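Input: structures, listed below.
Two complexes are shown next, each including chain A; its partner changes from chain B in the first to chain C in the second.
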Partner chain A sequence: MSRLPGRVAALRSRGRRDLAAAARSALRVPVLVTLVVLVVALVFPRFQGWNTTVMGLATEALTYGLVTMSLNLLMGYGGQVSVGQGGFLAVGAYTAAIVATHFGGLPFIVVLLLAGLVTAAVGLLLGLPAGRLRGHYLAVATLGFGLAVPEIALNGGSLTGGYTGLIMPPQNLGPVTLNNPVPVYYLALAVLVVSAAAIRGVLTSPTGRRFMAVRDSQDTAPAMGINVGRTKVVLFTLSAFFCGLAGYVFALNNSIVEYSSFDFSLSLFFFAAVIVGGLGSMWGSLIGAALLVVIQQEAVSLGGFSEAILGVAVVIALLLVPGGLAALPRRTRAAIAGPRILRRPAGQTGTGPGGLPGQPPAPSSPAGASREG
Partner chain B sequence: MTEFLQLVVSALGFGGIYALAALGLNIIFKTSNVVNFAFGAMATAVALFVWTAHTGLGLPTGAAWVLAILGGGALGALTEGGFMRRVEGTPPLVSIVMTIGLLLLVEGLAGVIWGYGPKSVPTVISGPSIAVGPVSVDRNDLFIAGLAVAVTLALYLFYQRTRLGLAVRAVAEDPEVASLMGISRRWVLGLSWAVGVALCGAAAILVAPAVSLTPTMMDDIAVFAFAGAVLGGLGSLWGALVGGFAVGILSDLIAGYVSANLQLAVVFALIVVVLYLRPQGLFGQAAQVRQ
Partner chain C sequence: MLQIEDLSLSFGGVQAIDGLNLTVPDGTITALIGPNGAGKTSVLNVVNGFFRPQRGRVLHDGLDLLSLPPYAVIQRGIARSFQNVALFGGLSVTDNLIVGYDHRSRTGALRDMLHTPKVIRHERTARQRAQEVLEFLGITGIARRRADELGFGERKLVDLGRALIAHPSLVLLDEPASGLAEGQKAWLAEVLNRIPAEFGAAVLVIDHDMRVVMGVSSRVIVMDFGRKIAEGTPDEVRSDPVVITAYLGGSSRGAADGH
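Let's look at the complex of A and B:
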């Protein structure tokens, strides 16, 4: 009997190791791919001749990529819905512009972190009530948030500049002034890479596994000693923090922060980008965000088609390609390997240890029905 | 006091519109447990049907309204049969994603078909305002409010007094037992979606003359309807009516006394407070809505 606690502890630590190893291997994107993408991202401005329009768009893709990642953290790994992520982006961008206007001498890193922290505080405030809600109720609440933030900014008087908005003063990064699309692009890239690494770090930590446990079942998570409410608040706060960082880059890239930039459709677009890219896949988020920038860029010539295309892509991703674009290589491999793999009972594909990222809560599988009431 | 009363009375029109839209939302939620996030776009499509039938085809307004409402019903049934059926019994996240995909799809297609230029459709009732003591009541507002009350009453009688209504309630209560009783769940769901979208469409037809009719017309208005539905309790008939009018009056008072640009923010705060303190709303049953 006296050895029992020791045995339990041993079992527990082994379980922990297994879980940690599973989470690590699931998150391990081939290092080579990461390096290649990074090198391409670093040298590509050189090869397209420092074209400022292209640089601006590339920065926008990086910004949206970070927003989509933050939303994916919330939805894909935490299982919580936000239809108002544009609201967090707006808080971050306005914070950056307000701080940079009133305290011109602050180093850029302080302004960047303040944008993240203030947005995180708003995320905490929203998470406190939202952490108690599930499913549709949460979606309605976040939808209201996404619509309310730009309107509050509109009524902010001289602080937010009302209709005209705020000019984002150029920031200094040591000797470099960030008033040109090229340094802003590199700053955006750095913010994205550091944030992505941080999000990865969170996901492999016990906190990240708590997120996935809450996602997989809000009913059994408490049985494992997880405080669901607190976990959700942490999740909202973290998601808002990273979205706030993106807000800083957004303000810098657009050089003006106005309420009309954050209309409701922007939040819907982020939502669509997460789904199309793949719930629970960081690479998918980047791809989804890049597609979003392309579609928005063509919006003038496409008209309503740009929105309709996104809608169709969401429905297709949901019904035909669970896991989105990020799951395509795996699904293609499976299709080539033979139909046997595809005919696996649907219930088995959804859950890996700790909820494998890249294998989202398999939307159309019957097993999914038991999750999250 | 007169100003206050006038503001409350002026809210009859928009309150009725929110109530009708919230009714449409709740009818769908009651049977399928899905919040139709696409309802704004679908409702706007119904208002655009009116424009096409009236201005485009030259039909009389009455016929245009009837055709458009029927079109809304068809749109609802199509949504259920073509899309929602495929994600039945999945976690809420999946149906939320589906309805938001449909929102983008319908709104985008509306932009493709009708373009983004503002259009106008006729007001249902026009004529001079009626003076009631110190306040004046707009005839159209009065009609809308009356319509919302009448529709709620009719739906209540339908649910309580008809065999089909009983079948709908049975499906809402327990789909499996209902199907054992020989009730076609598919039929009931299709009917709920058809009636729900048609009612939201009616709300859009009524609101279109007051704002400019574009594919994104309902984006903001939808939030007020959501707030009404949440305040009254998702799935509740009388809740939708009371919630819709309460939200209409509240936002009118905010516009009158504070700022017209703060309505959305206050309504968002209302949604959060209601969901925090009483997630089942004023009239809803205490369902499992929290963590």
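Let's look at the complex of A and C:
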């Protein structure tokens, strides 16, 4: 822009803001780190001496990591609260067990996809009414869903096995029978990696931007051509799909699918994992879920206190790292780069680009609510 | 061309718009001014599909807009900015702009997830368009910043850019100059003046800043109490006694302080 060069320069970011931008771009987890983590995950069983207990726990961490990611898609990226994600996991797990029991000859990939698709259909049905709700009302609706699914399973007669549940028949992956914790672990890893790549694909596409646009400014999003109701239904459907895939792995890892596995504390576990890991961070979800799995495991020996310890751990994590574990690298870098970056709260402007004091943004009110002329 | 005929809108007992007639010809800048509460933003909200009027017609290029849901209006080539600059705070500036272009994408969630060639093409075009808009606005330096970290003046420009990126035939701008420093207003006026030529768009702009309004618009429409009380060129409106009375009676801002 040759015109008004001084003005243009003033409008451009300078100084400290550039530092903040540099810090942020540096924190994007590079491909290299992803590869290193993947390699560690691949060789991990070897160093555990193929210990079945540890493998089962590691598979649980991967499974819950995927559930937490699916919930993060819903909450962190879509801005829709859910405290009933355990319900989707249950639908996926029961679907896998029912299909595998009645159609023993089906290849594992078909059972896996059916678990995802049936759960997605349930997510769509839940999304139709839930898409019209916000905040606390949505939380209560998803709470009801999370509570209802295990009850339905308990009263599902021979289809769901009622009180005793269903045995998940071993699945065949080519010549390998998935009846041993090690192959199940690798399957869980593969499902997680493919799902994470798919979720990333969504997030870097028009669909993903629509999710985030609805999250950040639901009232004005329609002016950009976004059908908010439809976007939320798609969001719930996708979140449920990935959670259903996790349900298949859950069924394999636990060998038995019973209603008591899906009590309400499981949904709270995922909710906590998303918050501890950090809303809007896929890595945060993985780490948050893994951390809580370990804490829960360690707390088991303390009997009735395990839930309370989980709760205390969550509170401590949030006090120490507001914004979740995902915010840790940014906070560290910001602390090194200069304390001001951290202190300026998001949504507030320090100094306007023209050198005059910037105006704080108007509180977001529904576009339609203001009839000022 | 946007035609508004005999438009009336009320909320309960409050008459927000009362029998308004208004035309925005192609490729021109029309300003809508008036005291606070005159019903100006309500007009935009009706055109945009956010409000349903009790009476009247709104036609764009001869096609009725009132039967459309809000999210379909942009498909007819009508984009807008907001008084309270409702950017998507968690997205980068570039992504904010691209959301304004995403309605062109015809791929669903599944193809988006798999990043089919069509999706990749859309992303590439959208990024290119975003870059062009940033250059037009003179803010290429903030492309990667998060919207909620921006200064107010930058937000205003990004909001404007988000409305322009899809090359609409009509942009509705709600107080683009409010809250800007004087130097920023001058740059905004320059940018606004170039919109019809560079984007082929007509502009309907609401603002209280008379220097910006009078400097950019070829026609000015003055509203008060939901009715049109004057219309004409900036010079005609500035010297209209009805307008001066409305402003002095309705608010402390002077209508004649432009030059």
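Operating definition for what follows: the second predicted complex is superposed on the first by the 296 of 373 C-alpha atoms of A that agree within 3 Å, B and C clash if a C-alpha of one lies under 4 Å from a C-alpha of the other, contacts with A are read in each partner's own complex, and residues count from 1 in each chain.
Here, contacts are C-beta pairs under 8 Å (C-beta built on N, C-alpha and C of every residue); 3 or more make two chains touch, one makes a residue touch a chain.
What you are looking at is a predicted structure, and each value in this text was computed from that prediction instead of being measured.
Of the two partner chains placed around the shared chain by superposition, chain B is the only one that A:133 touches, whereas chain C remains out of contact.
In the superposed model, A:224 makes contact with chain C only, not with chain B.
Of the two partner chains, chain C is the only one touched by A:198; chain B is not. Judged by the touch definition given at the top, the superposed model places A:312 against chain B, while chain C stays out of reach. In the superposed model, A:210 lies in contact with chain C only, and not with chain B. Of the two partner chains placed by the overlay, neither chain B nor chain C lies in contact with A:184. Touching of chain A by both chain B and chain C, each in its own complex, is seen for residues 228, 361, 363-364, 368, 371-373.
Interface of chain B with chain A (complex): residues 29, 34-35, 37, 83, 86-87, 89-98, 100-113, 115-116, 215-216, 219-220, 223, 226-227, 230, 234, 259, 261-265, 267-269, 271-273, 275-276, 279, 288-291. Every residue of chain C that touches chain A in the complex is listed here, in rising order: 11, 14, 16, 34-43, 45, 48-51, 69-75, 79-80, 82-91, 95, 98-100, 102-103, 105, 107-109, 112-115, 119, 122-123, 135, 138-142, 144-146, 148-155, 157, 162, 179-184, 186-187, 190, 206, 223. In the complex of the two chains, the chain A residues touching chain C come out as 1, 3-4, 7-8, 10-13, 17, 20-21, 24-25, 198-199, 201-202, 204-210, 212-213, 215-217, 219-228, 234, 237-238, 280, 346-347, 349-356, 358-359, 361-365, 367-368, 370-373. Contacts from chain A toward chain B in the complex involve residues 75, 79, 81, 83, 126, 129-137, 139-141, 143-145, 147-148, 151-152, 154-155, 218, 228-229, 232, 264-265, 268, 271-272, 275, 303-315, 318-319, 361, 363-364, 366, 368-369, 371-373.
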